[in-house]
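Common to both upcoming complexes is chain A, partnered first by chain B, then by chain C.
After this line comes the complex of A and B, so read on.
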């Protein structure tokens, strides 16, 4: 290996390129730009205003921020559902005056006042909600009208009560505590806001109502189609918004204790600016409490600092407007281009060198022959992609197809077929358990069992999340092949955690250890990852010792053995390091050896590309998907190897008429049954010199 | 300049773009070559020409004549015949890999002229002159893939004065001139590696005019037809090859360490070995190779009008059996095409090839 190669290998080992794409794929990455803007604002004003970071300055800001942030949160909730609420400022003012009036004129105790005021805000929200949600009026116009009406009500209340409010002293420590007190040296309003922010975050990210709101904003029609009560959801967002605004009004009332005509005027613009600046989409569907918090802090600092710098109020509004314009522009551009950026950086090939491929000419054990010439064809043109084939004790053949069925071909002549079960996903590897139920790995779904009376049951679809992975890898994306240990534990492979099944070729381009092997324990009901960082782990087959299994790593072109029990438990041993092709399923043969399908053959050009990750990365960017260099899966073969890893024989279809690619083969009563994931037939080959009575289920479960 | 190139390399624009023009308009795919009624096997069939009213074809060191539907050897040379061309009505010029040009038939029968060219890809006679296209200054005709991968542009045009035997070079720096035909007062050359037809004025060979830019295949030999010209594109262009051509490191290692048959390069016939590269769309689905699959070989003949613009085309697609057409001509109401990749000559009525 040359210096340059060594360097390249280390560069790709040390720098995890794939993390960049995974981080960009996270939802919280939307917060990156708002956070950057916030940091810039803090740095700029911290530098321009002496004493900006002073205690009194920050305490003052914090108290105001608590109320303002509640308004932004309220607006954000409405925006996420696809609407807009311009009445937040008026409702805030209403909350203020109502709270004061109830306390002074009504003389009610403060907890009741808080509840009643919030109910008042909720009522305003309900009006908005009914008009916008149920009667489907335009949100913008409707809330503009409510803004005016509520403002008028506030003015009328002011006329009636302002004198009595101003002249009455409120004798309640607890009430003043709301506005001026501190909890753990944080102002009460801030604590209230933080509690609400955390609640909103949990609701939006972890609960069904929150998802309904996000779904409604993301696509109203789709949300309706999946059964979300769209109108009610929209109505409720306005109610919540009104309640939060009124709460902010209560806090304000407690802090200042006065009612004026200018309370809350223009607040809706500031709140809107904050919401959009934080990265909440005006179009709906994208928003979070964190975004609202970031946006509100930014605007708060901006407005207050400008005032302190002596900028007059006209210029202040102008600047706020400009910031809003800029934020909207960034919002639109970022949303439009994020997926482009992601598609450019997500695919990240790594350095992968393969051992020299053995020859395929005599005297190599892989020498090309035409022994698959004599296959009989089953279901020609009637089955679409049998990835795996398996036979039961009554000689019926089971095979998955592309539309999510498990097809059963009936013995003895296999001319008749029936849908054994519809599983919905792509059935891949299969195995019979002790009870004769069919266990099947379903791409995109997980590990399932189909009982003898055709009941489809989920065994598992998630495993433990890796501690240090950026993406949530607990869900199974591509369960591939399985086998069952004598004690009933199921070991199955997940080929890749970074791509869906249809994108297998992208994973081949990366050739990183994206896959893993997982163990499902039916007795304890647990699912645990046992081996990680495997290069497209594919076929799995229990060794005859009952303590270990063989597994194939497709893009690494090798077969390894993993000991899960016995004295060597936990060890991985490479058995065949240098296959001339890409291994797929492994299954037992009747004489104690193992059948192995090679789905395709290695090509010198692909092997060379494996050593040049940059070449592959540029190829993925520049060339259309259909034009990519692929592993050659148009020619495959069947290999038989023994426990020592020695290749005993190889079966080829030289012309590739029937079996251009082979993904699985199964020995049963002296015949070999052959499947291919993109083929439209199952091959049946008479084997010379193999036990004519041997069957897989017998061998696994009825041994002496 | 350098900045533009760096930016292009980064973004894949301009010279770094790997786009290939789509087969559309006059080049819309069909299966005309595969459906031709006459299919005459002849291993290595390469260059077609008409002399004395009969179709002749070169294959290896032999010159064949078509009598009805059978081939008969009319001449065997001491070296591989790289191309042939008619002189007048009854004579043929034969270019050999050794650089010699021999005259077969007619008044000058048996005449032989030695040239310095070692890669004569095409010839055309005009008046008493014979014009030669020399594909490359460093490679032979068999090494055409190597010449492409080396991104050479060292081809040249030569003129032989048949009466005196004088040989002169009239143009250089051509990107593998693979076909030549005389038109009006000049020559039209197909520059394969530049994917274009270039017109060269004999009075002023330095002045060149591109007649047909950015072909979807590598243009080869051109022949005069009653209503225009026929152009054989001997291999299709592909995004992957264009990409590899822009990857010096990969290309260098590929040339150095991998057998030529297994390169990522255009070829006259694909599918001979599972060691050949495969592209995504070429994966067999339900036991079939799709006709639209990306491929390194195909069959393509283009009918050009008198201004060298395409009007119609004959195709053999990825799944076809008439790949690597190196020569096409129209004779006696029939269009003949030599598919070297599949070792056969096909013929179909000229009437069917009109748009």
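After this line comes the complex of A and C, so read on.
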């Protein structure tokens, strides 16, 4: 290995390129820019204003922040559902005056006042909600009008009650505690706001109503199509918004105890700026309590600091306007370009070097022949992509297809087929368990069992989350092949944790150890990852010793053996390090050896490309998806190897017209049944010199 | 009922305005005098001029919430410049230039940065006001100085006995009508408003058209500002923070210009202006409290939007992301 190669290998081993794409794909990355802005603002004003971090300064700021943040939260909730509520400022003012009027003129006890005021806010929200949600008016204009109307109502109330409010003394300790008291040295309003923020966060991230709101904002029509009552959801967001605004008004009233004509004027602009600055998307679907909190702190600091620095109101609104513009511009551009950026950086190839490929000419055990010439074809043109094939004791053939069915070809002549079960997803590897139920790895779903009476059951679709993985790898994305140990434990491979089923071929460009092998224990009901960092682990087959299994790593072109029991438990041993092609499924042969499908043969170009991650990265960024250089998966063969890793024989289809594209094969009663993931047939080949009575289920389960 | 269904909103509103006129004429003494009618039209002519500016933008499927702020600040800046001794023509050119530049920024933000028009112009309105207050002048109200006296004619003058604001309103309407109906750019404007994507594919310079529509609106806004200032010999910049701009939208929507763009003509604006004029005039004569007037206006605007939504349902296919 040359110096340059060594350097390249270390460079790709040490710098985890793939993390960038994974971090960008996380939802919380949306908070990064708002948080950065917040830090800049804090740093700038902390530097410019002496005593900025002083205790009194912070306490004063906090109390105001509690009320303001509630408004931002209210606006955020509406925005997430795809609307907007400009009436927050007016509703806030309404809450303020109503609370004071009820308390002084009405003489009601304070808890009743709080409830009634919030009900009043909810009523305003209900008007907005009915108009925007049910009548489908434009949210912006509608809430603008309610802003004007509510403001006019506030003005009328002011004319009537302001004198009596100002002249009455409120005799209630609890009321003043609301405005001036502290809990754990935090102002009451802050505590209230934090409690609500946490509630909102939990509702949005963990509960069905919250998901409905997010879904409605994300795509209104899709939400409607999946059965979410879109109109009601939108209406409810306005009701909640109105209630929160009124609550903020109550807090404001308890703090200042006065009603003025300018209460809450222009607050909607500040709240909108805060919401957008925090990263809540204008079109809906993207927003959180954390974003509202970040945005509200930023705007609060901006506005207050400008006032303290003594600049006139013009500069204040100039800055607010510009900040709003900048924030919306970033929001719009970021939303528009995030997926472009992501698709550019997500594919991150790494350095991979393969041993020299053995020859496929005469003396080599891989020498090309034409032994698949005699394959009979079953269901030609009637089955779409049987990745794996398996036969039961009654000689019926089972195979998955591309639309998520498990098809059964009926013995003896296999001219009739039926849908054995519809499972959805992409059925891949299969195996029969002791009871004769069919276990299937389903790409995009996980590990499933189809019982003899065709009942589909989920066995597992998640495993333990890796501690340091950026993406949540607890969900199974691409369960590929499985086999069952004598004690009933199921070992199955997940080919890659970075790509979905539809993009499995992109993983070949990376050639990183993105895959893993997982063990499902039916007795304990647990699922645990046993081997990590495998390069597209594919086929799995129990060795005859019952203590280990063979597994194929497709892009690494090697077969390894893993001992899960016995004296060598936990060891991994490479059995065949240098296959001439890309291995797929492995299955037992009747004479104690193993069948192995090579889905495609290696090419010198691809081998060279594997050593040049920079080239592959450039390719992924510069040219279209369908013009990338992929490994060949069209010409392959079937190989038989023994426990020592020696290749015993190879079966080829020389012309490639009878049965090309092989991903699996299964021996059954002296015949070999062949499947291929992008093939349209199942092949059947008569084997010479193999036990004509041997069947897989019998070999696995009767012998013991 | 079927006849009613076939009426356009414009006709309904016109009918409503006429009915109100008749009712007021019969019930309110002093409503149907030449003086009051001239007064009525005069009082709403500024609203009408702004309505034309807003209408053009709305027909191009935009909205300009910075219109009133722009009008106030550009004219106030012009007056301020005059008071510092700058000759009137130069000050006017500078004021107009400021308006056009702001319109250009609005258009750029909407067309190229792709910020929803509502937000771009809302934020611009705040920013323009702040800019004026911080850099140009320190007072709320900027008064006429002797250098600007020539402008007073726009407010006080008459042509053949018709007050100048009405004449300006009529002129603006006529020019806008000719532009919208008989020029290629006017056709483009309507095409862009009707279906932005289709217009763009057909080869209409969609983005430059959006730029143009905001610049035209800014220009008309400047004219409206001059008339406003001339009528009272001062410019009160507080109007930028008021709800005046919503009255302008009221005029446009009431007249029957759908907010989804592409539909409507100058005629609609005239009709909408008339109804508002009659209403305001009537309420003022009846001595209804200002806040109650606001509520009534709000309810009418709300009704207008409801009717607009029912008559011009939003097209989900051509609706834009964030089009709220």
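Just so it is clear, the second predicted complex is superposed on the first by the 703 of 704 C-alpha atoms of A that agree within 3 Å, B and C clash if a C-alpha of one lies under 4 Å from a C-alpha of the other, contacts with A are read in each partner's own complex, and residues count from 1 in each chain.
Convention: a residue touches a chain if its C-beta (ideal position, glycine included) is under 8 Å from a C-beta of that chain, and two chains touch if they have at least 3 such contacts.
Here the structure is a predicted model, which is why all the values come from computation and not from measurement.
Annotation: superposed three-chain arrangement on chain A; chain B versus chain C shows no clash, the two fitting side by side. Of the two partner chains, neither chain B nor chain C is touched by A:28.
In the superposition on chain A, contact of A:317 is made with chain C only, not with chain B.
Contact with chain B, but none with chain C, is seen for A:601 once the two complexes are overlaid on the shared chain.
Contact with chain C, but none with chain B, is seen for A:136 once the two complexes are overlaid on the shared chain. Here chain B and chain C are compared by how many residues of chain A each touches, and C touches more. Of the two partner chains placed by superposition, A:10 touches none, neither chain B nor chain C. In the superposition on chain A, contact of A:634 is made with chain B only, not with chain C. With chain A as vertex, the superposed Cα centres of chain B and chain C define an angle of 90 degrees, given in steps of 10.
In the superposition on chain A, A:83 makes contact with chain C only, while chain B stays out of contact range. When the two structures are aligned on their common chain, the gap between the nearest CA atoms of chain B and chain C comes to 21 Å.
For chain B in complex with chain A, the touching residues are 12, 18, 238-240, 243, 247, 249-250, 253-254, 257-259, 262-264, 274-287, 289, 293-294. Residues of chain A that touch chain B in their complex: 381, 384-385, 505, 600-601, 603-606, 608-609, 612, 615, 618-619, 621-635, 656-658, 660-661, 678-681.
Taken in their complex, chain C has these residues touching chain A: 109, 113-116, 118-120, 122-135, 138, 241, 243, 246, 249, 253, 259, 289, 291-292, 294-295, 297-299, 301-302, 305-306, 309, 314, 316, 321-322, 324. Across the complex, chain C is touched by residues 82-84, 131, 135-142, 144-146, 148-149, 151-153, 155-156, 159, 221, 265-266, 269, 272, 276, 281-283, 311-322, 324-325, 328-329, 332-333, 336 of chain A.
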